[in-house]
Structure formats: structure tokens, C-alpha cells
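Multiple structures follow.
Both complexes below contain chain A, partnered by chain B and then by chain C.
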Partner chain A sequence: MNTTQNLITFLSRQAVTAATPMILAGVGELVGELSGVINIGIEGTMLMGCIAAYTVTGVTGYGTVGLLAAVATGMVMAVIFAAATLWGRADQIVAGTAMDLLGVGLSGMIWMMYQNWRENLGFSTALPHGSGFSPVVIPLLHEIPYLGPAVFEQYMLCYLTICLCVVAWWTLNHTRLGLIIRALGDAPEACHAAGVRVRLGRSLCLLFAGACAGAAGAYLSIMQTHAFASDMTGGEGFVVLALVIFGRWKLPGLVGGCLFFGLINSLQQTLQAARYTSQNSVLHALTHVPFQFFQMLPYVAAIAALAVMSRKSPGPRYINIPWPSIKT
Partner chain B sequence: MIRRLFKRIWSAATAVTLAVLVCGAVLTLAIGAAALLGYPPLRVADLWLHGAAGSWYALSSSCADACPLLLTGLAAGVAFRAGVLNIGAQGQFLMGALVAVALSTRMMICHQPVLVIPIALIGGALAGGMWGLIAQYLERYRSVPVVLSTILLNFVALYLAEAALQGPLQAVGTAAAQSPEIAGKYWLPLFVAYTDFHIGIILALGLAVLLWVLQERTVFGFESQVVGLNPGTAKAMRMPVTWRQFQIMFISGGCAGLGGAIQVLGQVHFMTAHMGNYGYAGIAVALLGRLNPLGIILSAGFFGFLDTGAFRVEESSLALPHDMANVIKAVVILVMLVLAGISLWRSRRVGNPGSSAPTETPSA
Partner chain C sequence: MMKKLLMCRVNPLAVVLVFGLMALSAATGIRAAAVKGQLRIALICSGSVTDGGWNQEGKDAILVVKKKLHAHVSILEHISPVRAVDVMRSYAMRGYNLIIGHGYEFLIPASQVAAMGGKTKFAVSGADTTKPGVLTLNFDLAQPSYQLGILAAMLSKTGKIGFIGGEAIPSVVACYRGFAAGAKSINPKIKVAAAYTSWDQPALSKSQAQAFIQQGIDVIYQNVDAASRGVFEAVAQANKSHNSPVYVFGSNSDQNNNPTCSRYTPASAVIRLDRAFLRVASQVQRGTFKAGVAPENLRNNVCIVVLNPKLMGTVITPAMQKALAKAQRELLSGKVHVKG
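And then the complex of A and B:
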């Protein structure tokens, strides 16, 4: 084991850990957008997933129950959003911002009341010992040099995410169901004529998206950090929205974008730490750069990558057009 | 003519009545929810009302809280109406605040408040506008959608502000990313003593009226609306589409930047990089106000009223979480949206071309 190998192993593992919640939420958002519904409020749903997973795990002591609660909460948020946009014909962008507010508000409220309640009962608000998840190491496979630990020393939800990606990619591109989902967003009239119920189909896609975003929230609170803080997603939901466009509404593009983002992020963290200890004069010169410029790096890199690739894709045609559409 | 005027007043009146009814219903529900959670409902309502509008001071702090929301709301409203999906008011707000703080704490050339205050405000607005133009440039010349680049630029602005506040602009004697307090003579003057009524509020209201005139009564406003509804049509009508989009983005970013400048000079008097999510909240304000500058005044006032009251309730012995205000806002927006969507659907389905259609919001 030399240093380069160590570094690659460490960076790739960090990148996958950071990218997992974005991929998970992104797959849901992608399916929703392909069916013709854009949900800007994904950040709010993720926050609700965080708080639901954290409080339920804190009360019951079982992480799995917390995860399920987060998925259920995400689906409840999706039901509200679907009711407003699909049956209530609300504008999706506006309703999405409202869902974001709702998530921020409700999660903050629940968090404060949960703290008061636990303290009155004389309990700590921390998770019970051992109830949060820790990484699952898959024997033998994680010893593959370089990239073994990146894929085989991750949290349980990461493995599920990988399976989900494969299944979703197959479904979207090679099955009748996938064709229907894409048609819902590109040609709802054709779906209607073929006997597919457009609003029902879109609702089911949204339910899937909500479940994914809820699970991504659970990943942040009971796996990655074992803690909750108000606004803990820190804009990750918005980054996911951006990455769906970045990947041009294609699943491999989305996953690539998330991994790229995660990699730059782990790279900047490593650089930040390394510049103080390294003997290398170039690295050492970086000690004069404020650390915020490192934090900025993933976002600047994303903008730069987009500017260089420079090809526009319009995306699903019927995004934010309610069904049945008004004849003019 | 008179009939048309009457019709307009009537439709505006019904819209306002509807909004008031919805807000009332939601507030009642919220107080009911507070009762269910074990808080004394009447006392919550009492504290909320008094905290937000019970005295001149309370009213002024509601207005001062609504002021940045009004400006970021205008930023989103102007842009969305022209089809420029500027989600970056948060970043533009921060850049405006940053430049205003830099100019008012580090400007060495002159010390006359009469000069420094306008320079700081204009500098803030320019900074916000320029930050917005980056996104528009990327859209026009590098095909990066504005929605995307503005989201990413928000984070860049956040870290840039933090770097500056921990570097050249840092206050002496702290380790935190925080600017020194702005000297008292550079604060925005108050027009009612011992309250929070600073002239920034009047400035924001004036700007809203100005933008309304610009949108509704000028060729510029008409053209930018056509650009928003259908760029192809606008091009066919030989409108300068690209130029209009750049102008709109500059105005939008400028509003947000001015909001940041007014917030630091008029209200908080120093700066940290976490001054509240005014930029994101501005999107909701604009959309609740139906992208109409006058409607945005009302919705910003409503948001400010809710927030200020909620903080007073949280500070009281009841300790009801102030995030309740966000939940109420979200429910109000959803209900109003559904009502508007359904009424539009009904009026069109019956085949009634004369009915006034609500302002269209652009599709993504």
C-alpha cells in the first residue's frame, strides 16, 4: 500500500458517501420530471425525511423503523404536492417553493418540540447507542485495491441506491413502464388515448420521488451524521435539482454528475487538510488561500463543466403543464 | 371605459377578499393546531397580534422585516414575468450586502453620510445586478440554463461573502466571519424616532410602484412580458430579446442587491454570511403576489407580519416554535394556488373568453 493508493481509496470512498443521498433523491426527482412534474420542494421533503428518521429512531431505538418512517413521510409530502399540482392544477414551481417552506417550517417546529418533550421527560435528544447505522463492510470484495472500499464499505442505503439505479435505468429504457413514464411527460395526449390515466400515473411517479427524497433525508440524519440540525440539508436539494438538468434528464448523466460533485467535494476537503501537513512547497503555498475558496470549488467546477460542455437539452416537454390542458 | 374600470376594480376586490378570507381561515386553523398541541390558543393569538402590530414599534419591526422580502420578491417577480428564472436572489442579496458593508466600513475617501449612504446603496444594487448578469451571460453565450447557474452561484456568493468577512472585512477581536458594526452616522435615517421605520422601507415601496409603472405602462414592460410568454413571437416581432433579458436580469439582481444593502445599513448594521433566507423566501413572496409589484407589496407585508409575530410568540413564556410562521405561509400559498388553478380551469372550460385570466407563470 503506497500513499497514492491510499489517497485514491480515501477520496473515492468519501465521494461515494457524499454522493449517495444526492443520487437517491435525484433518481426520484428524475422520474418525477420525466413524467412531467418538476418538484422544486425536494429540499423540504429531504428535511422532513431527516427529522422523521431522527425522531422515530430516537424514540423507538431502531434505525430501520426510522428509515421506514422517513420514506412514509416523504410519501405524505408527495401526496400533498400531487394533490395541489395534479388535482388542484397549481403551478408546479410555486407549489414547489411552498413545499420547501412547509418542510423547513414543519421540521424546525417538530425538532424544537421534540427537544422540549425529551428534556421534560429527562431523556437525552441524542440517538440511543447503536441505533444509528454504521457502514456495512462486505467481506473480500472491499479488499479490491483502489476502488474496493468506495463501493463495498458503505452504508446499507448506498447498496440499495446502487440496486435502485440499475433497476430504474433498466425500467426507464427497456420496459413498457418506462416508456409510459417518459410518455407522460412528453406526450400526455398519447397516453390518454392509449388508456393510461395521466394524473394517476404522474401521482405514482411523485410518490416514488417522495419516498426517495425521504430516504435521502434519513441517510443524512441517521447514517452520515447521527445528528439533526435545522436546515441540515444546506441546499443539497437545490443542488440535486441542478444535477438533474446537468445530466440532461438521463440517469447515467445524473449519477455521473453526483459522483463528480462528491469527488470534487472530497478533494477540496482533503486539500484543505493536507496543505498544513504537507512538505510539498506547492501544497504548502495553499495555506494562504482562505478555506472558503475550497468550499466554493464544487460549485465553481459544476458551472465550469456546464459552460464547457455547452449543449442545451430542453427536457420533458410537458413539465409544469397541468393535465387535462386547457384548449386555446 | 367606465364599465371596464368597474370590472377591473371588481376583480381586484374579489381577489383581495379571497386572499383575506384564505389567510383568516388558515390563521384560525393554525391557532386551532396550536391548541391541539397544548398551547393556549387565545394567548397565542393575542401575543402574535400584539407582537406584529400592537404598537408603533411592533408595526415598524414588521415593516422592517418585510422590506428585504419586498425587494427580493420584486427581484423574483420582475424576472419570472419576463421568463428569466432567476433563483439567485439569495446570492445577489449577499453580494449587495457585502459591497454595502465594504463601502460603509472601509471607505477612506469621504466621511459624509450624505455621500456614503447613497454610494453604498447604489454600490450594493450594482453588485447584485452584476452577479445576476454572470448567470445571464452563461445562458446566452454558454447555454447554461439560468435556473441552474443561479442556484450554483448562490453557493459561490455565500462562500465568497464568508471569505471576505473572515478576511479583509472581519471585525477586530472576533474569530467569526463577521463585519465590524457600521458607524452610527451611516445608518439609514429613521422617519419615526425610536422605531424601526427607516427610509429604506420608503425606498422599497417607491421602487415597487416604479416597477409597476415600468411593467404595465411602458413598451419595455410589454416587450419583456412577450419575451417571457413566448420568445419566438418576440423575435418574430423584432423585439430585442437578448437585450431585454440582460436588462431584466440586471434589474432583478439590482433589486435583490439593494435589498441586501438596505438590510445591513437600515436594520442589522453589521454583516454575517447567514442573514436569513430572504432570497429564497422572495420567490414565494413574488409568486403569492402573482408577480405583480403591487401584489408583492401585500404579500411581503403579510410575510413580515407573520414572521415578526411568530418570533415574539417564541420569545414569550409559551415558546411556540417560530417555524409555525413558515408552515402557515406554505399552507396559504398552496390553498391560493389551488383556488386560482381551479377557477382558471372552470372559466376556460365553460368557454368564457371574456373572463380575466390570472397572470401566467412561466414554465420551466
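And then the complex of A and C:
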């Protein structure tokens, strides 16, 4: 491979790796929002997924068990949120903020307790050797130029995310279930008249969203880094919220937005390195540019795209409106 | 009455909020009851004491002080500079003898509370200037970073090395400066890249390290606290697929024994916070505490390079050890000066 091909391959692979947890959490959030519920506490749920996956993998030595624990934890968070918003009629934005705070605080507390407990027992807090996930190379397919290493040298959850996206897109656009989910957010009265239990339907969508966010957290802690740190999601949950809007509540738009964000991020990181190491005079001139400029690029790109793409965004009509709308 | 109570609706949102606040409060405070007449010390951290770096080192150091001086210790984490004034004032009102703001961001809050008077003494770690009534511990990690730069230049096969910091604050930028100066003292043509990511996002620091490695950088010096695990992971992965080795240096604490890639971590620039905190606490106990700037460096054995003993003689050759020893002599004699 020549240098340019190497670079393109590297950037694409990094973009897919960085986009995977955002796509995973985003698919769940999209389904939840389409059903009429916005959960801005997705960041907290992801953090809970991170800590659940890390601690359970650390104790059991099995990454798969850790992943399942993260999914279950995400669902528990979703149950609390659903109880507050759907059954308790709390404002979704306020309850989402509380869920975010809960996730941040609780994950930090569990991490502290876990460290103390492991140290008292004389064990390391690092994951047992081989328990975390490593990238899985798909034979033959990974040899496809450019696309191969980018898509087929990824973590197991990335492949599952691709499958999930296909299934979710098909379900939302071509099945009765998809029609019901969208109707829950656009015309809950019609759903009710057709005999669909609106709150139950929305609760199930939230459960799915929680499972996805939990799994996205597991991706960060036991796949991508084999580490846990307080606040390790670094605002990714909020980026996901923006990207759902950027994608105009459509799955291809969401996936495109996540990949775009991941690509710009890997590009800016590569530029930060290349400006010092490259012989190219243009790149070398960038050494005078403050590093903050590079760091803001993915966010500026996301905001610009949001401004352009979401002008006529038809969001779900009944988002953040409790059901039944008027008490009788 | 009982029926009324049972029928009373509990707002689930309130339950969520209460649990959230309980979790937050539980996560941010470590306290123990004090005995009368005991030295009472408060440590205030801006981040989590489980970050595997700066704040965790602070917690470990203050626990050493607690053990050695039988002091009562209170640790508060996740305190922003805005909240710090109230927190410090509260400790001062409760009669704490020493309040340590762990990070230069606490300098102004500490000086504001110190100006209110009282018997409480204030120290701030990681700042290079001081304010009235405050003792600042000026950790000069630039000196050990200079030594790491020498080691990096001798280890690098590509002539490209890199530095990843959590944030471009003066103490971290000083590490980069020292590192670059040390490397250029061995190889003036060496290329030294720098990038700043985050203190607590291992995924971000990992992808930054991967970008460095992709650009041919084969020695990385990181100062990113909890996010260091991401850099170690990137280096471990690179060494699985690269023909020539990629090395990483630790910082703040001795990270040579990290479980991810200790075979590729030849050295760490270490701040022996316990020594600095113990000295300050002892001064408070003896009544000899004085405000001002306390230089903490190679000379008083607080900021040092710790080499990985497992790599001595293999990765770290005798020539490298000799060069490091020479650099140390020059730094101590003042022949070489690194801007901190």
C-alpha cells in the first residue's frame, strides 16, 4: 500500500471505530424519539454501561458477560426513566437531566467501591488478561482496498451494530411494527384508537434504547480501551442527541452523521501529528495554529451540518408530550 | 390516615433526583471523624480520585500523611474553582489546620479564603506563582521530562517522537517543553509532535496515540491521567502489528508497571507527592509553615525519572543510563536549565 492509501485506510478505520458507539446509542435514541420520548440522559446510561461492563468483566473474566451486564444495566436505567416520564408524567428533559446526573455520580461511586474492594482483596483493577474484546478480522473481506480494513477489522460489536442498523432500518420503514413506533410519536391518539397501548409501546422503545446505550458504553470500556475512567464518555451521549436531529430522525442520516463526526475527529488528530512530522510545508505551517482549532473541528462540522440539514426537519409531533395528553 | 398515606402519589422524578443527588454526594466525599487536637487536613481535587493519575496520586499521598502523622483527613473530589471558595471556607470554619487545593486552578479560591483571616493554612499544588497567605508547591516536571526526551531520542528509530497532554495548562506544557528540549539535545533534527486530548477519555487519547503511530512516531510521552490507559492500549496494539517497537512513557505516578504494555514502558516522570505533602503537613504541625512558592524538583527528590527495572540492560542500554545520569548532573548543577 502506498502512503496515501495507507492514510485513507487509517482514517476510515478510525472513523468507523469512533462512530460505532455513537451509532449504537443513536439507533436506540432514534427509536425512542420516534415513539415520542426524548431521553437526554443517554450519556449517564452509557456511563453506567461502561462501568457495568468493566466491573462484571473484571470479576467474571468474561467479556460477553460484561456486555450482557451493560445491556441489562442500560435497560434498568430505561425502566427508571420510563417510570418517571411515561407513568409519572414527569417532563422528559428534566427527568433526562436527572438520569444523566445519576449515571455520572453512580458510575463514579461504583468505580471507587470496585477499586477499594479489589485492592483490599489484593487483586488488580485491570481487566483479566484476554477478557476484553480485541478486533476481529474477517478473512478475505478485510483485504478489499480501503473499505476492507475500515469495516472488516473492527470489534465484534461493530459488526452487530451494522446488522442492527439494517434490521432497524427495515423494521422502521417496511414493517407494521415500524409504523406503530412512528405512529406512537406522531399520532398516539390513532394508536390508542387502533388498540395499541401507547405507554407500553413507548416503554418498550425506551427499553430498546437503554439496551443500546448500555452496549455502547460496554464498547468504550471493554472493547475500544479496556479501561474505565469517570466521565469517560466525554459528552458522546449529547453528540448522539444532536446527530439524531442532524439525521432528521432517519437512520441513514444518523449513521452518516456519526461517520462524518468520527472522520473529522480522526482527521484532526492525524493533522495534529502530521503538522510536526510531515515534510510538507503546508502541513508544517499548521504548527502555528492552536491545537484548540483542531479539537473544535468535529463539533463545528456537526453544528454546520445540523444548521444545513435540519432546516425542514419533521421531528415526531408528540415528542416530550405525555400520554394521555389531557387527563380525563 | 394510613390509607391516605398509601394513596399519596410519589413523583418518580423526585425519586430519581433524590437517588441522583445521593449518588453524587456519595461519590464526592471521603471523610472520617476527627479526634480533638489531631492535625486536620482537607484535600480538594478537581477530578476523580480514581483517575489513575494526578488526583489519585493526591489521594494516595494524603493517605500517607494521614498514616505517618496520624492526621484526620478529608478528601473532596469533583470540585470546580467556582465551588472551591465555599468549600474551603467551610473547612476553615470547621477548624481544619491545612487545606490543600490539588491543582493550580485552586490558587485564586485559596487566596480569597486565606485573605479572610483565621488559623487555617492553605497550600496549592501544581502552581508556579503564589498569592498572599498561600503556599504553592511548584512541581517542576520539566526536569524529568528533559531526561525522558533524551531517552526518547535514543530509543527512536524513526526520528519522530510525540507528546500527548490532557490539557494545555502551564504544568503540562512545561512537560512538553522539557521533553522536546531533552530530545533535541541528543538529536537536533528530531521531530517532536504535541497534541492535547482530555484527562478522562481513554478512547480519545487512544485514537490520538494511534494517529501519532500512523505518522511514524515511535516514542510517546503522555500526561493524560485516567486517559493514559487509552495510550497504553494503542501502544500495546501497535506492538502486536509493528516490526519495530513503539514505546510510551508514564507521568505523574510510576506507570512502568501498567498491566497493558509494561514491556514497552521504559520510564515514567514521577511526582512524589507524598514527600511534598508530608513536608507541608509537618511544617503546619510544628508551626513553621510559611506562605510562598516551594520549588519541588529533582533537587529535593520530589520530581524524578523512574526507570523500568525490567527493561534495564535490554531496552534501556548502559549508554542511555549514562546519558540520563549526565543530564541529571547538568540539571542539578544548573548547567542545563529547562523552562518550567
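To be clear about the criterion, the second predicted complex is superposed on the first by the 321 of 328 C-alpha atoms of A that agree within 3 Å, B and C clash if a C-alpha of one lies under 4 Å from a C-alpha of the other, contacts with A are read in each partner's own complex, and residues count from 1 in each chain.
Convention: a residue touches a chain if its C-beta (ideal position, glycine included) is under 8 Å from a C-beta of that chain, and two chains touch if they have at least 3 such contacts.
Note that the coordinates shown come from a computational prediction; the quantities given were computed from them, not determined experimentally.
Per the definitions stated earlier, placing chain B and chain C onto a shared chain A by superposition produces a clash between them. After overlaying the two complexes on the shared chain, residue contacts for A:112 are found with chain B and with chain C alike. Of the two partner chains, chain B is the only one touched by A:319; chain C is not.
In the superposed model, A:8 lies in contact with neither chain B nor chain C. Contact with chain C, but none with chain B, is seen for A:269 once the two complexes are overlaid on the shared chain.
Look at A:220: by the touch rule set out above, it reaches chain C but stays clear of chain B. In the superposition on chain A, A:151 makes contact with neither chain B nor chain C.
When both complexes are overlaid on chain A, the residue A:162 reaches neither chain B nor chain C. After overlaying the two complexes on the shared chain, residue contacts for A:179 are found with neither chain B nor chain C.
In the superposition on chain A, A:283 makes contact with neither chain B nor chain C.
Working note: chain C versus chain B after chain A overlay, options 9-17, 189-197 or 225-233, clashing stretch identified as 9-17. Put simply, chain A uses residues 80, 84, 88, 90-91, 94-95, 98-99, 101-102, 104-106, 108-109, 112, 230, 292, 295 to touch chain B in one complex and chain C in the other.
By the touch criterion given at the top, residues 6-7, 10, 14, 17-18, 80-81, 83-84, 87-88, 90-91, 94-95, 98-99, 101-102, 104-106, 108-109, 111-112, 115, 124, 126, 220, 224-227, 229-234, 265-266, 269-270, 272-278, 291-292, 295 of chain A touch chain C in their complex. Chain contact summary for the complex, chain A toward chain B: residues 38, 80, 84, 88-95, 97-102, 104-109, 112-113, 116, 230, 235, 238-239, 241-242, 245-246, 290, 292-293, 295-296, 299-300, 302-303, 306-307, 310-312, 315, 319-322, 326-327. Those residues of chain B that touch chain A in the shared complex are 37, 87, 138, 142-145, 147-149, 151-156, 159-160, 162-163, 166-167, 280-281, 283-284, 287-288, 319, 321-331, 333-334, 337-338, 340-342, 344-345, 348-349, 361, 363-364. Residues 11-13, 15-17, 19-21, 23-28, 47-52, 78, 160, 162, 168, 191-196, 198, 200-204, 206-208, 210-212, 214-217, 226-227, 229-230, 233, 259-260 of chain C are the ones touching chain A in the complex.
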